[in-house]
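The letters A, B and C name the chains in turn, as written, and every chain counts its residues from 1.
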Amino acid sequence: MDAITFAVQLLNGVQYGLVLFLVASGLTLVFGILGVINLAHGAFYMLGAYLAWFIASITGSFALALVGALAISFLLGIALEEVFVKRMIGRDHLAQVLLSFGLILVIDEVRQILFGKDVHSVAAPEWLQGSFKLTEVLSYPIYRVALCVACLILAGVIFYVIQKTRLGMIIRAGAENRDMTRALGIPFDVVNRYVFAGGIALAALGGILVAPVSTVFPGMGDGMLILSFVVVVLGGIGSVAGAAIGALLIGLTDTFGKVFFPQVSSILIYVLMAGVLLWRPNGLLGKS
Amino acid sequence: MSEILLKATALEKRYGGLKAVSGVSIDVHRDEVHAVIGPNGAGKSTLINLLSGDAAVTSGAILLRDRDITSMAPQRRAMAGVGRSYQKTTIFADATVFENVRLAAQAHGGQPLRMFGGVAKDGNVNARAQAAIDEVGLTHRSQTIAKSMSHGEQRQLEIAMVLATEPKLILLDEPLAGMGHAEAARMIEIIHRLKDGRAVLLVEHDMDAVFALADRLTVMADGKVIASGDPEHVRNHPDVRQAYLGHEDGVAA
Amino acid sequence: MNALFQKSSKPILALLIVAMVLPIIAPTYYVQFASKAMLMAIVAVSLNLAVGYGGLVSLCHAAFFGLGGYMLGFTSSDSAGASIWLSLPVALFVVAAVAALIGALSLRTRGIYFIMVTLAFGEMLFYFFHDTKIGGGSDGMYIYFKPEIALGDLTLIDLEDARAFYYVALACLVGASLLIRMLVKSPFGHALAAAKGNERRALSLGFPVFWIRLAAFVISATLAGLAGYFSAAQFGFIAPQMLGWHLSATVLVMVVLGGMSSVLGPIFGAIALLGLEEVLKASFEHWKLINGLLIIALVFALPGGLQQMASLLIPKGAAPEPDLQSMPPKEAVPHV
C-alpha cells in the first residue's frame, strides 16, 4: 500500500470514526445523565437520514434538509422525553430496554408509512460536490472532507459545552455522581429533557450528514446502534472523551480491517471489544 | 496467649496518589476482640476491605493462620474462613431471614451448588442456619422478609449470616452504627459471644462499646497505626489523645 | 420429578392434556403454529433463567437460537436428513461452547454494560453468518430434510409428519421447563438468585458468583440452541435474520409479559405474544406499529415497575413468597 492510498484509508477511517463519535456521544450522554439505556438511538439515526432525504427531495436543498430534519428530531426528542422517557428514570434496565424496543418498532413502522422502505440517496450541496484529485487514478470527494471538518467542529462544540459551560458542569457532575447532583437543587427536569433531545438530535445529525456519502435504507439504524454500543463499551459509559477514543478506534479498525483482512473485517471490532473487556471491563476511560 | 488467626503485615493501599492505608500491621488472636478505632477517614474501613478482599492491597501480606490470602478474591477468602459485615447492612433484603442465613450455610455446606433436588433436602445446612438464627436471637423472625425488619434486627441477621459460614475470623465494620440504645446493648452482647473460638476484628465509633468489648485496641489516623495494645495502655497514649483532641469526638469519654 | 405437579398442578395438568389432544383435533396449520410457538416458548423459559432468576438481561439469545439452527444446517446434507443422535449433541455442544466464551467475556460487566455487550456479541454472530460464505451468507441455507430419529433402518419418529413434530416440540418444552424448574429450586438456583439480590453479599458468603452466572448463562443459551435446532428443522431454512437481536428483544417481551417470577410464566408470554402477532398480522397492514405500542403499554401498565417483579428473590414455592403488595404487615413496620 503506497502512502497516498494509506492516507486515503486513514482519512476514511477518521471520517467514519467522527460520525460514530457524533452518534455515540449522544448515547453516552443520555445514559450518563438520565441513567436510561436507549435502544432506539439507532432508529433516530435512520429517521434523521430519511427526513433529510424527504425534505431534500421536496425542496432540493441540502441545507434545508439539514436544518429541517435536525429540528424535527430535536422536537421529537423533547416530546418523547415528556411522554415516555421521563417515566423511565430510575426504572430498571429491563423496562428501559423494552420501552425503547417498542419505540423502535413504532418508529420503523411510522417511517414505513410516511416514507416507504425504498433505498435512497441524497445529493450533497452543489458547492461540496466533486473531488480533490490526488493522483492520476485517485481522488477524494470534497463532501467527505467537509464532513470531517463539520464533525470536528461539532466535536469541538460538544467538548466546549461539557468543559466550559454551566450545563457542561452539571453534565459532568451528573455522570460522576447522579445522586449528588440531584441533591444540589439543579433543575433536572429541564436538563434531562434537553440532554435527551440533544442526544436524539446528535443521532439524527449523524444520519443526515452521512446521507450524501452512503445510502439511506431502513436497516441503517440497527447497524449504527450496535456500533455506538461498542464505542460506548470501549470508551466507558458517560465519558464523552472515551466515546471519542472508542469511535476513532472503531473507525480505523473497521476501515483498515476491510483493507487487510477482508474476510473477517466485520468481526474485528468485536474482537477489539473483547480485548478491552478482558483488559478494562469498564471501558478505557470508565471508572473501575 | 492463644493462637494468632490473622496476621497482616505492612499493608498499604493507594488510590492514585492518596495513601488510604500505609504500613499497617495487625494481628488478631483466637478468642479475642481486636478493635480498630480512629477518626473518620483514618482508613479503618479500607483496612477491613483489604482483609476481606473487597479491595486489593497495593503491597503487604495477609496470613490467615499460615495460609497466604493476600491476593485471594473475596469469595475464596470467605471459603478460607473470613466472614464480614458491612457498614451498610448487606443482606438479601427480599428474602426471609431463614433463607438469608440458609444461603450462608449453603455456601459452606457439602454441595453448595448442587443443581438437582430442592434446598429443603439438605438437613445439615438447614440445621446450621437455624442454629445461627437462634444464636443471634432472631428465632421468632425466621419467616419474616428481611427488609421489613428494623435496622437493628437486620444487623443481627447479617451477623447470623456471617456465623452460618463458620468463620475463623470475623470482620465487623461499625456494627452498632445507627442503632438505638437497647439494640446496641443487644448487639454488644452478641459480639461478646462471637469471639468464642474465633477471632473478631471490630471497627466501631461507639467508645463505650469498644471499651466494653475490646481485648486489644489499635488506633489509626491518616492511614497509619499510631498506637496498639491493651485498652488501658491505648487510652493513656499521648499520640492517641492528640489525634482525638484534634478531632471532635474524644476517646475515653 | 413430580415437583411440577405439586402446587398449582390442576391447571397445568389440564393444559398438558389440551396440548396432548390438540394435534388430534386441530387442522395442520394450527398444529404447525403451535409447534412454532412451543419452540419459541423454550427460548422464553430458558431466557428467564438468566433474566428473571439471574438478573442477567441478555440480548444475544437469538444468536444462540440461530446458531443451533445453523448447526443443523451444517450437519445435514442435500440428500438425506442428519442423524439426530449425532447432529443434536454436536449442535448443543457448539452452542454451549460459544455461549461459554461470550458469557465469560460479558459477565465481566454488569447492568447496562452487560446488555450492550451481549447485544454486540449477538450481532457479531449475525455478521459472522451474514458476511462469510460458511452458511450461505445473507441468503442463508436450506435444510431439505428434517433430522432423522432412527435406530438402524427403523425410523422411530418421523419429523416430516407435522403431528409427530408437534409432540417432539412439546416433549422438548416440557423437558426444558422441568430442567429449569429443577435448577431454580436447587441450591444452585438459590445461589443464582442470591447473586442477583445482592452480589456483594453473595461473594462475601463465598459463592463463586461469576461461575454460577456463567453456568446459568450457558444452560440457558444451550436450551435456546435446542429450540433453534428444531425451528430450523421445522422451517427447512436458516438465515442470519434468525440471529438478529430483534428476536432476542421479542423473547424478552415474552418473558416479561408472562411473568419472570415463575418457571412457566414465559410459556404463556410466548404463546400470547405469537398469537397476538398472528391476529394483528392478519388484520392490519401496519401491525408492527400496534405491536410496538402494546410493548410500550406493557412497560407502563405494570404498577410499581418491573422491579417489583424482578425483586422477587425467592423462586416460587421454595419459601413463603415475598408478597410485595401486602408487604408491610402490622408487626413488621420498621421502627427507626
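The definition used in the following text is that contacts are C-beta pairs under 8 Å (C-beta built on N, C-alpha and C of every residue); 3 or more make two chains touch, one makes a residue touch a chain.
The shown structure was predicted, so the numbers you read here are calculated from the model rather than taken from an experiment.
The central chain of the assembly on a C-alpha centroid basis is C.
In terms of the distance between Cα centroids, chain C is separated most widely from B. Averaged C-alpha coordinates give centres for chain A and chain C that are 32 Å from one another.
Per-chain CA centroids place chain B at a distance of 42 Å from chain C. With centres defined as mean CA coordinates, chain B is found 48 Å away from chain A. For chain C, the set of residues that touch two or more other chains is empty.
Contacts from chain C toward chain B in the complex involve residues 3, 182-183, 185-191, 194, 197-198, 200-209, 212, 215, 311-314, 318-320, 322, 327-329, 332-336.
Within the complex formed with chain C, the residues of chain B that make contact are 52, 54, 73-76, 78-79, 83-84, 86, 90-96, 98-99, 102-104, 106-109, 111-120, 122, 143-145, 148-151, 161, 165. Those residues of chain C whose C-beta lies close enough to touch chain A in the complex are 51, 57, 59, 105-106, 108-109, 111-113, 115-117, 119-121, 123-124, 127-128, 130-132, 244-246, 249, 252-253, 256, 286, 288-289, 291-296, 298-300, 302, 305-307, 310. If you check the complex, the residues on chain A that touch chain C are 31, 37, 39, 84, 87, 91-95, 97-99, 101-106, 108-110, 112-113, 222, 226, 229-230, 232-233, 237, 263, 265-267, 270, 273-274, 277-278, 281-282.
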